[in-house]
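Each of the next two complexes has chain A plus one more chain, namely chain B in the first and chain C in the second.
What follows is the complex of A and B.
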């Protein structure tokens, strides 16, 4: 399997996608957010945006543990590493007025919640075609 | 102590300059201290803001009032901050101040807060106002304490300098000056030098002043002696000018004065005065035969006898070689003058014993009385002279009183015998 990917990458030298697989931010298929910018995603995940223009409260979903995809996600949208993100939340949640995104076990759990909850959003490394979710933004 | 005295002036100068230097130093220290303190406090506020900036940025980014409150409280905990404010566009605005009412803190330090996740985005503003009043007061208090110790450090040398100068210069000079002030130059008084003092300028000064006093004393003594000498000589020459050197009797010049005086006196008091003119009868032969030494001795004896014959108030004068006059300023009448003249004639008629010689002289006397025989010097003299020649003509050794009509030509000494009257 690894050898296969490697070979593909060598053949498709110019394709950046091969260097690192992208991360796709997803939402419920009935969401009213439309396309989001990287900054809007960051503001939602970092607790700055707590309500949407239509009055709904966004429900960002996260993963437990410092997984590779999680590190890449935060690095990509905030430019910070996990330690910095944790420190940020430690400070903010100490006040009791803000909470970090809900953390689920794995991709399957995230997909399940996003499929069910209209205000939920999450991120995945590779998006399987059969999932009934709407992609909002893909970042490297 | 007088204000103009050296010691007082020195004291004033030393302490005035100490006070001025000390005052300027203290003001300068306080000024510099306040400036430094303000600068340093500003630096501290900057550092404080650096320290809370990240928290403030998070508060600004997330709109979290709790964090914002913590930041503001933290800032106000510093003495240097009197007011702090954290705000953003989305409704967060936390501010707190130590003072209410008037704004005591005009100086604002502000900075923009950047998003923790996007350096480009400004998510709020943090403002602090420095408590300049408090900082200044603190600086002044601290500088004041420093200034007091510094002032002591300045005053102490001032005292030492004043004392040193006083001991070295002013007190000795005062001591010498007071002594010198009481000394009268020319006396034997001298300055007592300062005991136990090294041979410096002031001791030298005392020595030199004493030397000068010595010179002045010597000079004054010498001068006093010379003045005395001059006075004596003056008296001597004045006497010589008015007296006959041989007999010591008034000479013609002094006689003229006395005559004038007598007339003035007589005119005022309407009294009488007589002029007795006498010429020695046989004096020339004495000089010729026995010599001038004997003649001189005879003249001296004559003077003696004349003075003995008259009163103290009368004047006997020698006006020529063998001519004498006697002024009688206070007589009652012509007869008195005649009596005195007769006494004189008698006195000179007695023989003179000079050594082994017995000499007969004798005299002829003429009298003129004021105011009867003239009321001025010239007429009195002339008339007395006339009367004297009359006496000569009458055979010498007799007294003649002038009278009106007595031949005046007899004065010339070549009167004819037929015109002579008695």
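What follows is the complex of A and C.
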């Protein structure tokens, strides 16, 4: 069975069937952010912008620790690993230039805040259908 | 004195690890965030110009002018110059537009003495604009703001040819603004204030370890701006101030091994208005990093002007990073003011650094520095050439 799957993957040259699941950037169902580009998401999470062109002020949420989803998220939107991200924030946060996104314990906590706060945004590896949030963008 | 400093450092260590990772406490509508950084540095002098210089036995490598951090000619490992521990706390008031930030740093170069490096209040005028008042770092260079945070640097110590002056902090106010212009991220910062450095570590390097020189920078005004887009960032800064130095007890005379009266008119109370210009660029493309910084200081009426520059290239290999850097400092004699054209200070440093990220919050580094003294034949104190190997463990928490 495993060999079957492996062969299928090889023949499909990885493709969607074997790729890692995407990461979905989410926001409150009543958010006013509109569609976001990958660069805007990166700018928000790297503290480069605190408001969007339409005037909305996103509240980005992150995860504590260096989980697999967090590592993949930053690698995807910035091309940097967690050590580089932490070194970047060490330069900014110890100097009062910007503050990193608020860090929550897990996906349940992120979903809870995003569902309640109109300005909140976060990211999740898999989005359960019952979550009352709006998907903004999916990155690989 | 040492005992008090040691106890102080121990208290900071206990406080630091007691608070653990990113301490965050919520009390009614107040919130408090704490964090810290640690560098344990060690260096061994491999060779260089041997002999006494002022009251030091060399070869000598000055790792940080501002903090009087010197690796000298003694054998074995030296832990003081690059080791430091810092703690930072930010309290956000019930009105979240207001916050207060404090940072204390304990340095090995000062036997663990704890200094208040930052203490400032922030008022967020808008989401992109804020006013800060209190004690902050003078934003002269690209890495000035985070120069104590080893984990934010690609080196075991900053290139001393640029970083480290008689004043690195100031008391005053600043207004900073961040914005986006088309595809460019831009930031502006303007500042005003003053700084009074008593018993300057910087001047001990030039006047001897037992000398005492006070420095006053009055009417500091200036600012910095940066522009970044994708993989490119550039930064410009200008700062001016009235500069006053007062030497209290003389300068070290190597011939007599005593302190003798200072002869430099700018150590005896003269004031000059200095103008500092710096520029920097940073290219971070794929796994390559190319950086450069340039400095020019003009002090009308003084005998010398300052020039410094550096160029670095780095490459990342997964959790590893290699960086090569060249930096140079030279003073330009103003002969019409009577300066000796053979009395200029000049030195360069070439360094090679290998860094390995142990975890996303910690790293170890190994760095080889090769320093060349290029001062004029009449320049003194001549610290000479040096070859230094340093290791550092950095951690943020």
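Just so it is clear, the second predicted complex is superposed on the first by the 118 of 140 C-alpha atoms of A that agree within 3 Å, B and C clash if a C-alpha of one lies under 4 Å from a C-alpha of the other, contacts with A are read in each partner's own complex, and residues count from 1 in each chain.
Methods note: contacts are C-beta pairs under 8 Å (C-beta built on N, C-alpha and C of every residue); 3 or more make two chains touch, one makes a residue touch a chain.
On a predicted model such as this, the values are computed, not experimentally measured, just so you know.
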Partner chain in contact with A:93 - chain B first, chain C second, else both or neither: second
Touching partner for A:30 - first (chain B), second (chain C), both, neither: neither
Contacts of A:48 with chain B and chain C, given as first, second, both or neither: both
Partner contacting more residues of chain A (chain B vs chain C): C
Which of chain B and chain C A:78 touches, first, second, both or neither: first
Contact residues common to both interfaces of chain A (with chain B and with chain C): 48, 88, 91-92, 95-98
Chain A to chain C touching residues, read off their complex: 43, 48-51, 57, 64, 66, 81-88, 90-98, 103
Complex contact set, residues of chain B against chain A: 55, 58, 61-67, 116-118, 121
Chain A partner contacts - residues on chain C that touch it in the complex: 22, 35, 37, 86, 88, 101, 103, 118, 120, 122, 127-128, 132, 136-137, 143, 145-146, 148-149, 151-152, 176, 178, 180, 185, 187, 228, 316, 318-319, 357, 359-361, 363, 396
Touching residues (chain side chain A, partner chain B) in the complex: 39, 42, 46-48, 77-80, 88, 91-92, 95-98
